[in-house]
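First chain A sits with chain B, and in the next complex the same chain sits with chain C.
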Partner chain A sequence: MYTNYLSWLLLAPILLSLAAFSARWAGKLAMRVAEVLHFITILVVLILGLLVIQGVLVEGSVVALNDWLHVDALAAVFLLIVCVVGFLVGIYSIGYIRNDVRTGELQADQVSTYYGLFDLFLFTMVLVVTANNIIMMWVAIEATTLGSTFLVGIYGHRSSLEAAWKYVIICTVGVAFALYGTVLVYSDAVNFLQRPEAAVLWTEIVKNARALDPTLLKLAFVFILIGFGTKAGIFPMHAWLPDAHSEAPSPVSALLSGVLLNCALLVIIRFAIILEQGIGPEFPQMIFLIFGSLSVVAAALFIFVQRDIKRLLAYSSVENIGLIVLAFGIGGPAGILAALLHTINHSLVKALMFCTSGNILVKYHTRDLSKIKGMLQVAPFTSFVLLVGTLALIGSPPFNIFISKFSIFSAGFFSGFPLLMVVLLLFLAIVFAAFMKMASSAVFGSLPENITKGDVRISMLAPIAVLVILVLALGLYLPPQISMLLNQAALISIHGNAAADASISLLNFSNSELPIAFLQFAQLFGR
Partner chain B sequence: MFGFNLINTLSGLLIITSLIVIETRSLRRSAYYYAVQSIVLVLIFLTLAVTTGQKQLFLWAASALVTKAILTPYILLRGEDRVASAAPPPQAVRPALAIVLAAISVVVSFVVINQLDLKIANEYKPALAVSVAHFFFGQLCILTQRNILKQILGFCLMENGSHLTLALLAYSAPELVEIGIATDAIFGVLIMTILAVQIYRKLDTLDAASLTSLKG
Partner chain C sequence: MTGLIIASILAPFLGGLLVLVIPRAWIKLFSQAVALAAAACSLLLLISFASAGKTPATVNLISLGNTVVFGLVIDRLSVLIGLAFILVGFLIVVYSTGYLSDKNREHPEKEVERRYYFFLLCFIGSMAGVVYASTMLGMLIFFELTGVCSWGLIGYYDNEKARKAALKAIIVTQAASIGLYAATAYFFAVTRSLQLSEMAGLTESAKTVIFLGVLIAGFGKSAQLPFHFWLPDAMVAPTPISAYLHAASMVKVGVYIFARCLGSANGAPKIIGVIGCVCAIATMIYGFIMYFPQKDLKKLLAYSTIAQLSYIFFALSLSVFGSTLAFNGAVAHIFNHAFAKGLFFLVAGALSYTTGTRMLPSLRGVLAKMPLVGASFAVAALAVTGVPPFNCFFSKFTIFAGGFEAAKTEPLLLILVIIAMFESIGSFAWLFWIFSSTVPGEPSEEVASATALAPSMQAVLIALAGLTLVSGFFAANWIG
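Now for the complex of A and B:
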């Protein structure tokens, strides 16, 4: 039964996106037809995605198509992000794109193309997180670039075409490196896995990782990190990211930052697991620590000088992806749990912030922070969510990121990296200051002339309100289903599969090796 | 033995055709030379299929013939038709320097590949080194050319390099894998070409150096 859900999770969006493309021939109704098809797509992806995740909770994992698709707890965490954030941002898209059509930013006949591409992009990301065939993982990542290039450049301005060009060139060149890493792993695995069909499967390679050649593995991992790291926005391969994130329509920015970066990260983690099973965790952890810290430091410096709200948010994504990578580098149950939790939390908050920046863009017609002032008088609800989002993003309680950032740093302190943590906290202080300055000057301050009063339409506020609720809720309470997924995902990261000792839970971790912080969190969660 | 030698020789031919693709000033002629190179690649796949007895490599050869020797050059030529009036941007790096860089990437690839122990491909080490070098050629083309359509050709060269690596190291992989990679490649060329034409219509230039409004 769950196998069917998984097959349909991939089939449905691709068929529906093709239908959305062809809505352009529906004459005057084209826009409405495309909207309806788009709504059905995101709803179907949400429902089927949640059903598959339920399957993982019940049965441990869900497979389909001769094991080519495989959703374990680790994939389920990312699938949850794809389908929930994809759905909310998809809803926000409808109001946002209608507004673009009203103001003449987009032509009505471009709308079906937009939704076709949006849903295709969503499909490619579902494919990334559900793929079990390592070469198909690469194909899927490459497809995410191709699917989203025209979304980035859809406005057709000089700057958006430039951003789209940089995006497609940098990412295809970068991701091509990862193909070498992937092929190296496969060609080595095929030597001892008798059936070539098995040597492409991640699950089979992990089981036999000890037989892989250590030198080849390390070389392959460097290629993988450069390649997929480009897509994940890890410094110094992040060059495309601020341009693409700032020039794309805001819902697309939310999808790029909140979902796509994580998908690329998942594939890197998959290969890191192969390495950890094959040659031990030291090498991938060292690489993660280096690149994670560099990303945080570099992003903090860029954030400090930003005058463009969407570029500010884009660099904040580099910073947060850096933190997640860092947490994987810290390793151990504490580091990995913190990393996974931060992945979910950052995704929600960043989707919230990019959608909010979309509302600001609608009111002020600019991304220039020196011109965005006095929002409280114009758009009170948008001001409120901007404040909430900013506080959440910089890690203030009671919002979700507070817990995951705190967990990352306490894991770091207790796992032997206190000095590094202190240095990084100093850089986070810069980020903190920059974001507080941004939010206070945007919300308060004197209102520029020619801004009509009144908040944006309800269709662009409702999805943001849901995100606000989620951000707050996950800061106060972690549902047992999610904590079970996180536990199992952490076990997969450590042992290569969740079956080893599935009885271990968050609370048990805290008894043995988890820092005190997590013990408090465990009590806070009521488990 | 003859098969291995033929493969290694043909891969040498790949290097020469790439240099011609990169150094040819006329975009139309570069596209034709690219088609020629893709035929060399198809011949390598066929030789590999005969020497290794792996039947699916015939399929690879057929799909490379269709996508790389016919469709890709066709898309590029159609794109070039639409920008026919464009003045060619200057070259960012002098041809002599580009050839030196290419030579360096060949040497480095040979040295690195020689140190690896790739059990299933030890007979093809020269060909493998060429494929890796070819991949770097493509990157070199993207970095040194200011003409965005020429950068697309760089992407195509890169693809030919990685496709050869794939054929040498992963010929036994299920066919669907190869189909996926070939599909990505063809859509990549299509999307980049459409985007390049859009850029030309908006900016009235094909010069990548004029794409510098976004910074910091």
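Now for the complex of A and C:
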């Protein structure tokens, strides 16, 4: 039954996306038809996605298409992000694009293209997280680039075309490195696996990881980190990210930042797991620590000099992805749980912030922070949301990122990197300062001229309100289903699969290095 | 008792949220009621704690597995300080309802602003949270929340200067809070627990790391060198807010967390005492020197606060060398200074409310025109400089006695104690000079044209003056 859901989860969005493309021939109704089809797509993805996740909770994992699709707890965590953030941002899209059409930014016949691409993009990301075939993972990542490039450049301005061009070139070249790494792993695995066709399956490779050649594995991992790291926005391969994020329509930025980066990260983690099973965790952890710290440090410095609200948020994504990578580098149950929790939290907050920046763009017609002032008078709700989002993003209690950031740093102190943690905290203080400065100059201050008072339409506020509630709620309480998913996902990261020794739960302290108090933090007011 | 504490933490937060939605006309009354309820809870707590024989207790509220993530601590320290912070908070709310009105000559307000009461009430709740928290994490959470609330309030007037000052305040204090952040994470990593009581069993080196972190965070919040520079700028806040920041909130958080950790750890490594003493004395001297060029009454008070907090840090650091007397003096001084400095700021607020200025050269003859304000000025000035029978005398005296006690084992400390005494005498002389040139004599032009003070503000001045008289005795009895 869950197998069917999984198949449909992939089939439905691609069919509906094609339908949305063809809505352009519906004449005057084109826009409405495309919107309806888009809504159906995101709803179907949400429902099927949640059903598949339920399947994971019940059965441990869901497979389909001859094992080519495989959703385990680790994938389920990311699938949850894809379908929930995809849904909320998708809803926000409807209001945002209508506004663009009203103001003439987009032509009515471009709307069906937009929704077709949006849903295609969503499909490719679902494919990334559900893929079990390592070549297909690569194909899916490449497909996300192709799907989203046209979304980045949809406005057709010189700057947006340039950003799209930069995006497609850098990412395709980067991902080509990853192809090399993927092929290396495959060609090594095919030597000893009895069924050659099984050598492309991640689950099979992990089972036999010890037989892989250590040197080749290390080499492959470096290629994969550079390749998919480009896509995930890890410093120094992040160059495409600020341009693409700032030029894309805001809902697309939210999707790029909140979902796409994580998807690429998942693939890197998949390969890291192969390495950990094959040659032990030291090598990938060291690489993660180096790249994670570099990303945080570099992003903090870039953040400080940004004058464009969306570029600021884009660099903040680099910083947060850096933190997640760092937490994987810290390793151990504590580090991995903190990393996964931070992944979820960051994507919610970043989606919230990019949607809010969309509202600001609608009101002020500029991303220039020196011109965005006095929001409290112009758009009270949006400015309230901006404040909440900013506080959440910089890790202020009681919002969700506080918990995951604190968990990451506790894990770092526990695992013997106190000095590194203190240094990174100093850089985070720079980020903090930059964001507080942004929020206070945007929310307060005197009103610029030519701005009509009044908040944006309710259709652009409601999805944001839901995100605010989620951000606050996850700061106070983590539902047991999610904590169970995180728990199993961490097991997969450590042991290669959760099913083999499901009896060993991380919450069962006796078997792990550290009481998993981080989850308990997350459940703060839970019981 | 647990219920009372939870109520005094949650009531202001919930009230603050409600302020955002209730009709504007109700806001002032509602805020006062909420703050009164919280203050009543903390007072009832004090009474029931005293009648139960003052036995310290810890209540674990939220715990999972073996880790307590949030709990409450009920002991002499938290009950006493909690009362001061919440009670002053209530008085500030009452004063604000008068101060923030169209009759204010310095900053007339046409409309009741929701965000002011929202942030103020949340501030009171956060302060209660810091005081009663029994875990490092709880302390950290509320510590950060106080920063956010102060940011909202310092920038309240929403001009370029106010925004800058607010930004400065939050950035500086948050940068310093990395210390507490790291200390909490480290503490958790070492003990696998978040409860402060676990601190007693730590090794010396672990204690050193944690206390260093706490000290950095404390220095930031309490505006000590080298983080002092945000506090004088924060003067752009509405005066009741300045009063709260200086008397019973923001800056007191720093000394409180230090005191709380010292109490939990049964003393700290010597090196922490040395660092604390030296930094405190350096700040004290700096604050004292900065008295002289100040023309603005509020700025003068800001430097006075910096110096007074150095006294508290100094005393707490002395206690590291084995002087319980110094520790008790510090706790009493946190309590006493809350009322005295609160009163002093509210006097400054009353002057700017009635005359429209708070520049010292243009203020003369306050007593003749406004007896209540003049008398309150006298009480506040005498109390802050430690003249008997006002409250700060008792705590300062205890601190010096503690200093001499500690100096028996560490003779070098004697030098620092003597420097502190000189500062005390010097600041008395200077404030007395200010007082004598401002309060008595013929009213100056500005003072002569003063308008009437709002009744709620008068009531608060009287209440605080009364508390300034009695709190010294009370604190001495409570701790002793």
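Just so we're on the same page, the second predicted complex is superposed on the first by the 506 of 527 C-alpha atoms of A that agree within 3 Å, B and C clash if a C-alpha of one lies under 4 Å from a C-alpha of the other, contacts with A are read in each partner's own complex, and residues count from 1 in each chain.
Assume contacts are C-beta pairs under 8 Å (C-beta built on N, C-alpha and C of every residue); 3 or more make two chains touch, one makes a residue touch a chain.
The structure displayed is predicted, hence computed values, not measured ones.
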- Query: Is A:V139 in contact with chain B, with chain C, with both, or with neither (first, second, both, neither)?
  - Reply: first
- Message: Just to be sure I read the superposition right, which of the two partners does A:H365 touch: chain B = first, chain C = second, or both, or neither?
- Response: neither
- Message: Can you tell me whether chain B or chain C touches more residues on chain A?
- Response: B
- Message: With both complexes superposed on chain A, which partner does A:R102 reach: first (chain B), second (chain C), both or neither?
- Response: neither
- Task: Mind working out whether A:S440 is in touch with chain B, chain C, both or neither, as first, second, both or neither?
- Result: second
- Query: In the superposed arrangement, does A:K453 touch chain B (first), chain C (second), both or neither?
  - Reply: neither
- Message: Quick check for you: in the superposed arrangement, does A:F402 touch first (chain B), second (chain C), both or neither?
- Response: second
- Message: After the superposition on A, what does A:R32 contact: first (chain B), second (chain C), both or neither?
- Response: neither
- Message: Looking at A:Y186 after the superposition, I want to know if it touches chain B, chain C, both of them or none. Which is it: first, second, both, neither?
- Response: first
- Task: State whether A:A163 touches chain B only (first), chain C only (second), both chains, or neither.
- Result: first
- Query: Okay, in this complex, where on chain C does chain A touch?
  - Reply: 62-67, 69-70, 137, 140-141, 144-145, 148, 151, 155, 158, 163, 166-167, 170-171, 174-175, 178, 181-182, 184-186, 188-189, 192, 194, 209
- Item | chain C-facing residues of chain A, complex | 391, 396-398, 402, 406, 409-410, 412-414, 418, 421-422, 425-426, 428-429, 432-433, 436-437, 440-441, 444-445, 507, 509, 514-517, 520-521, 523-527
- Sites on chain B touched by chain A in the complex: 116-121, 132, 135, 139, 142, 148, 151, 155, 158-159, 162, 165-166, 169-170, 172-174, 176-177, 180-181, 183-184, 187-188, 191-192, 194-196, 198-199, 202-203, 208, 211-214, 216
- Which residues of chain A touch chain B in the complex? 133, 135-136, 138-139, 142-143, 146, 149-150, 153, 156-159, 161-166, 168-169, 172-173, 176, 179-180, 183-184, 186-188, 190-191, 196-197, 199-200, 213, 215-216, 219, 242-243, 246-247, 302, 305-306, 311
